[in-house]
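Chains: A, B, C, D and E, in written order; residue numbering restarts at 1 for each.
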Amino acid sequence: TDIVVVAHGQANDPFWSVVKNGVEYAAQRTGAHVEYRSPETFDMVAMSQLIDAAVNQHPDGLVVSIPDADALGPSIERAVAAGIPVISINAGSDVSKKLGALLHVGQDEKDAGMKAGEKLREMGGKKGICINQEVGNVSLDQRCAGFAEGFGGNVKVLPTSSDPTEVEAKVRAALEADPEIDTVMALNASVAGEPAVAAVKALGRVGAVRVATFDLSAGFLESVAQGDATFAIDQQQFLQGYLPVDFLALYAEYGLMPGGNVPSGPNLITQDKAAQVVELSAKGIR
Amino acid sequence: MPVDTPLTDERIRTESWIARLMKRPELGSIAGLILVTVFFLITANSAMFTLSGIMNFLSPAAQLGILAIGAAMLMIGGEFDLSIGSMVAFAGMIFGALVVNLGLPLIVAIPLTLAFAALVGVVNGQLTIRTGLPSFIVTLAFLFILRGLTLVGLKALTGGSTQLRGLREATAQDMLAPLFSGEAFKGLFAALARSGVIDTFPNGTPKVPGIPVEILWFVGLALAATWVLLRTPAGNWVFASGGDANAAANAGVPVRKVKTALFMFTAVCAALLAIMQVMDAGSTDARRGFQKEFEGIIAAVIGGCLLTGGYGSAIGAFFGSIIFGMVVIGLTYTQIDQDWFQVFLGGMLLLAVVFNNVIRKRVTGER
Amino acid sequence: MPVDTPLTDERIRTESWIARLMKRPELGSIAGLILVTVFFLITANSAMFTLSGIMNFLSPAAQLGILAIGAAMLMIGGEFDLSIGSMVAFAGMIFGALVVNLGLPLIVAIPLTLAFAALVGVVNGQLTIRTGLPSFIVTLAFLFILRGLTLVGLKALTGGSTQLRGLREATAQDMLAPLFSGEAFKGLFAALARSGVIDTFPNGTPKVPGIPVEILWFVGLALAATWVLLRTPAGNWVFASGGDANAAANAGVPVRKVKTALFMFTAVCAALLAIMQVMDAGSTDARRGFQKEFEGIIAAVIGGCLLTGGYGSAIGAFFGSIIFGMVVIGLTYTQIDQDWFQVFLGGMLLLAVVFNNVIRKRVTGER
Amino acid sequence: MMQDSKFHHGEAATTAPIIRLEEIRKHFGNVIALNGVTFDVRPGECHCLLGDNGAGKSTFIKTMSGVLKPTEGRILIDGQETSFSGPRDAQDAGIATVFQDLAMIPLMSVTRNFFMGREPTKGRGLFKRFDHRRANEICVEEMRKMGINLRGPDQAVGTLSGGERQTVAIARAVHFGARVLILDEPTSALGVRQTSNVLSTIDRVRRQGVGVVFISHNVRHALAVGDRFTVLNRGQTLGTAVRGQISAAELQDLMAGGQELAELEGSLGGTI
Amino acid sequence: MMQDSKFHHGEAATTAPIIRLEEIRKHFGNVIALNGVTFDVRPGECHCLLGDNGAGKSTFIKTMSGVLKPTEGRILIDGQETSFSGPRDAQDAGIATVFQDLAMIPLMSVTRNFFMGREPTKGRGLFKRFDHRRANEICVEEMRKMGINLRGPDQAVGTLSGGERQTVAIARAVHFGARVLILDEPTSALGVRQTSNVLSTIDRVRRQGVGVVFISHNVRHALAVGDRFTVLNRGQTLGTAVRGQISAAELQDLMAGGQELAELEGSLGGTI
């Protein structure tokens, strides 16, 4: 069986590299031949072309993420029309059914952001910043939007590049310029989360400023374990790679398919759980 | 440039026609294209070279090519435009606003969008010319400014989102839509499908419903640009302005006007691409066209344009875009792991240009 | 270049010392720096110009500057290196592997990493020189190749993750570590804090524990590069190779060697930055240095380097990096909505270079 | 050396000048290149501009052909004060120039350089196009007239020999020169045959009523075709002499800025 | 015109050549620039290379100075066959060249151009540095010897006048010329004073035993300093004449490739 995964995240993106590891693990277990493809940047037009290319090869199953239903819809419908079973992952739970996908594995970015925002508000957060290292990437923008909604409004987006030094300097600048900021939400653990923790430490405000992040990195988890950071939101994206491939392999062989969507997260990793996850994260499984 | 002097000079050796062909900047990149094609014929899934596979890699190649032809013309004229990638997003946003938020018909929205782009081109050009700063830095500023304005604009238009949707619905009924989106020659392809010449889906519709319009635009632009460059006075001015702006001005070429026109053309190419992408995708977001300025320049350079100006061709950029598009999409058809994608992309690019060069030198007997 | 000919020529007007200063490429960018500083003094939160605020924007500026000085030298020598951003990630990966996976001490690991980088520089240089292809396209291939190899390498080293960590632990005890990470002059700053000259945290430790080492490297490199460019024969060769490689070769300058050496220097600068970043962060990942090649070139151009080669200075790149670093970080200290970041960045860049230019022309009376 | 040449020499002094420059000053930053130069050209005359290296000749004719804007001074065309905003303005006023640096684009073909900025076209409307065939013919023909047989009109100018390149520049200016033809050291790289062709070309166009400005370091060439001789020295005019009023030796002395020449007069028969 | 000059003329014919090139052929793609040229230079002689525009003179001396690799042919230095891998090799063999395009970097200062590739240094080890003061002094002094008073040695070469620039190239070659000095039309842009300086410089270095290759289109200049005269025509040697065996008129005929000159002989006194 041939299965193609087309995702909007690059192979070198820490989050998506875990998805890819899940895909490979499933391939190994099911014996299916799986290929993972993604555009070079967050580029919906390029991604729809990659889906078309996959459809041309007529695989036995197609896994796609759907951050932009308008742009990707026609290509996905074309795959369905060609008789290819499609499962959607990560983004697009709302449109998945409509476009003809069998089911959706994953969890909406916005919901995850909302959960995190609510939690941080409960912890006493009043004013927050959301570090976005790739403004315009819709799925990241949605994380920030969800966070702002859950947090209750007083949130500024801090746009940065993916250079840790720059992130650290900007977080320091933001915290110094506005001492009322008590919450920092990062959209990526290694690129933004770790430097944000470093910035808070350098200003001597550990504890006064809560730092949380999307996704995991070993370094950030260690900070959580030590109490320097608050929590990390885990979508368990390994499952977003593993499950669809497994499902499609079973579907190709026996026609089996679960009856509904599978939510893979969110899962807040706080101080008590962090230590256990560090090792898995360092191997690219969490 | 046809020559009709009798070649009876004892100071000239006879030269093979291949040598003469390879000397032309517009054809130099063919060797690279052949190499890449052969590579994929060997390594890729056979689906790549079916009709639908070919359309599939030609379509991104064409989209890149529309930018690359603009970039190539401007590079021949001695300048750069780093803002074209951002222009794709910006023009997409403007176009979206005109069509969705203002509800204008295409016949008004498209010229307005192109005019907006041309205006930015004029600003780029005038700033470059008047300040004497390198266009690299001036257009770089606009790379940031346009991208930033797109973000701000999209948020304002959508009330906070960075994605503007609903363009497909808004334009579906417009008479001009088929010129800028979808496929051409649908009737022909349907007939071919019925008679079994091309593959169909189980439900009987052809797998390839037609030729994507961007491919036609791409070919048309390449031909038009080549005509202008090689066959018109304006083309001569472009080469002259890029070769040595001072000498050209001293010889009476209106260098400033030429450069400004080229900046406008490049920006308009980017806007044209934006319109097609937006209508095809039905949506636009703040990251559209990201790094496309870079890819456009790459394609032009693969196609033989000199970064220093004064040399190159539109047809070269045409082949360069196809090479680039083929390598980017081609990987999908091979067994190579995505992790190796960039290594592969870099390697193929290098191989294509080096091969090109070696063949050209061998054939034309340079050095 | 001190001149000691008596200036008694009636064909020479007297010139103010400002005019003479502004004519030097290394000082031309000062006007831009002053403009940007004044802008932030007015608009930004006063925290920006406290000691800790200054260190805060100087530190990224210094990191960029280490790349920019390499890029500037290479640009003066007439070539580009687009692979330096990827080299930051690649060298970081190599360094990580040597230190963490092989457990080598810094005294071995650092020279090995730099040697690796230099080797890539040689490959870039030799390919550019031997094929005669533009360095833009050759190093572009390596931009992709090195970035890709970093990903593949990191996954192999970590068993699947894109982040390699544990570097801080592995290097903490090393004698050489203070040279490449953390802050210098800690004792001095602690003393100053005790005597109340600089701010302290409530617990008595100084808010600024010392000068980040990258700033010292940055200043040192800028001085060394300036010395080489202006005061040594090698510097003359760099200018000559970039000004006109043909003429320089005809005059007996070993152009190929000079260019290869410059490619090596640029790559080594990138590797040096990688080592410092990795030791500071304690980890490295596949995205390090993303687009830094671009920023390095921007800083060099702001600092007055010509893209066409043969003109520019290391001190210019020094100021260019500070301008860029200040603008990038500075907006965070202002009240301006962060959505406008890119618009602001582009606008400030444009303003800084245009201002620069206007001032220089005004003062030196050009045209 | 003062035997009259076979050339026709116009009664230049009697007619009104086509172009007149008054008290031109030009500064480059702290460098004073021209410090008050007055000069004019009348129809049908060849006015030689002479002077030592660095005297300011090229700077002056660049002002005349619109490339440089004078720091001070007036330009009059047919008695009307004008200012050129660029070389195209000067061309429109009928001034064609051979610059000392030739203003050629090395990567472009001979024909494309020849017609740069003034391409012949055929067809109309959208189909109006560069008439390559005619351009090639004219170009090859004009070059042949100057004594150069081109291998092919599509050879890149950058690969021409020094003299061939200079000939392209001269042939171009002569072909398009309408009222004033400015030649900045046109014969410097030319062979004997080409030089004699250029000198007789100057004579030919002068006869057609064109005013010629001729810059040369060769006293013999200047005397052969010149009607008037203006000598520049260190950015200032030393004065103007009319043909027949000045001897070769006097002229040569003036051109050298009055300084001593190295000892080789004898072997060169007085003039270099 | 055949009176002997005041210059000393060596007994060149008796000594062995420093450099000898045999049957040199050079093709550029389909262009045949040299089609079998043999040439040598002996110590203390001035060997003139003459010929029409495009004859192949510059191509030939570029081969001699290591810039171009001949397509066919042998290069012998002191009788030993060698091949130059680049201009630096030729320089190391003691050959200094003034190229027709001068090989100057416009953006660099006069001094930096002058010493490009052979900078004087002071200090040692890490502190070894370009000795700007001495370089400036030498440069200004050498230029003065050639008759050019520089405004300042840090002026960019691109802003020099044509003749000033050419003088820099000549002064540089003379300063570094060890055994052979090649001058490709060195006087083309020079004023009378500078020209006479260059000619007497040629005489001076020849007297020191340096072999000089001198390319010129000026018959009078060639006759003034030349000991032997080799004429090229369309890429081939027409033959070599020794001083005194050939008249100016004959030489001029050969240089023009045997073709008719335009009618202005009279006014130019026979030679151009």
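Methods note: a contact is a pair of C-beta atoms (placed from the backbone, for glycine too) under 8 Å apart; a residue touches a chain by one contact, two chains touch by 3 or more.
On a predicted model such as this, the values are computed, not experimentally measured, just so you know.
The chains touching chain C as well as chain E are B, D.
Note on interfaces B-E and A-C: more C-beta pairs are in contact across A-C.
By the residue-number overlap criterion, the interface of chain D with chain E counts as same, with over half of its numbers used by both chains.
Our note on geometry: chain A versus chain B, Cα centroid distance of 33 Å, whole angstroms.
Here the CA centre of chain D is 27 Å from the CA centre of chain E. Residue positions of chain D touching 2 or more other chains, listed in rising order: 28, 31, 101, 151. Chain A has residues 11, 135 in contact with two or more other chains.
The residues of chain C that reach two or more other chains are 11-12, 147, 151, 155, 339, 341-342, listed in rising order. Inter-chain contacts occur between A-B, A-C, B-C, B-D, B-E, C-D, C-E, D-E. Listed in rising order, the residues of chain B touching chain A in the complex are 45, 47-48, 50, 52-53, 56-57, 59-60, 63, 89, 147, 150-151, 160-163, 165-168, 201-203, 205, 207, 277, 280-283, 285-288, 290-291, 328-329, 331-333, 335, 337-339, 341.
Residues 1-5, 7, 9, 11-12, 227, 231-233, 235-237, 239-240, 243-244, 246-254, 310-311 of chain B touch chain D in their complex.
Listing the residues of chain E that touch chain D in their complex gives 1, 3-7, 28, 31, 51-55, 57-59, 100-101, 147-148, 151, 155, 159-164, 167, 185, 188-197, 199-200, 203, 217-221, 223-224, 252, 255-257, 259, 261-264, 266-269, 271-272.
On the side of chain D, the complex with chain B involves touching residues 65, 67, 86-88, 91, 97, 99, 101-109, 111-113, 115-119, 121, 128-130, 132-133, 136-137, 140, 149-154, 172.
Considering their complex, residues 10-15, 19, 23, 364-367 of chain C touch chain D.
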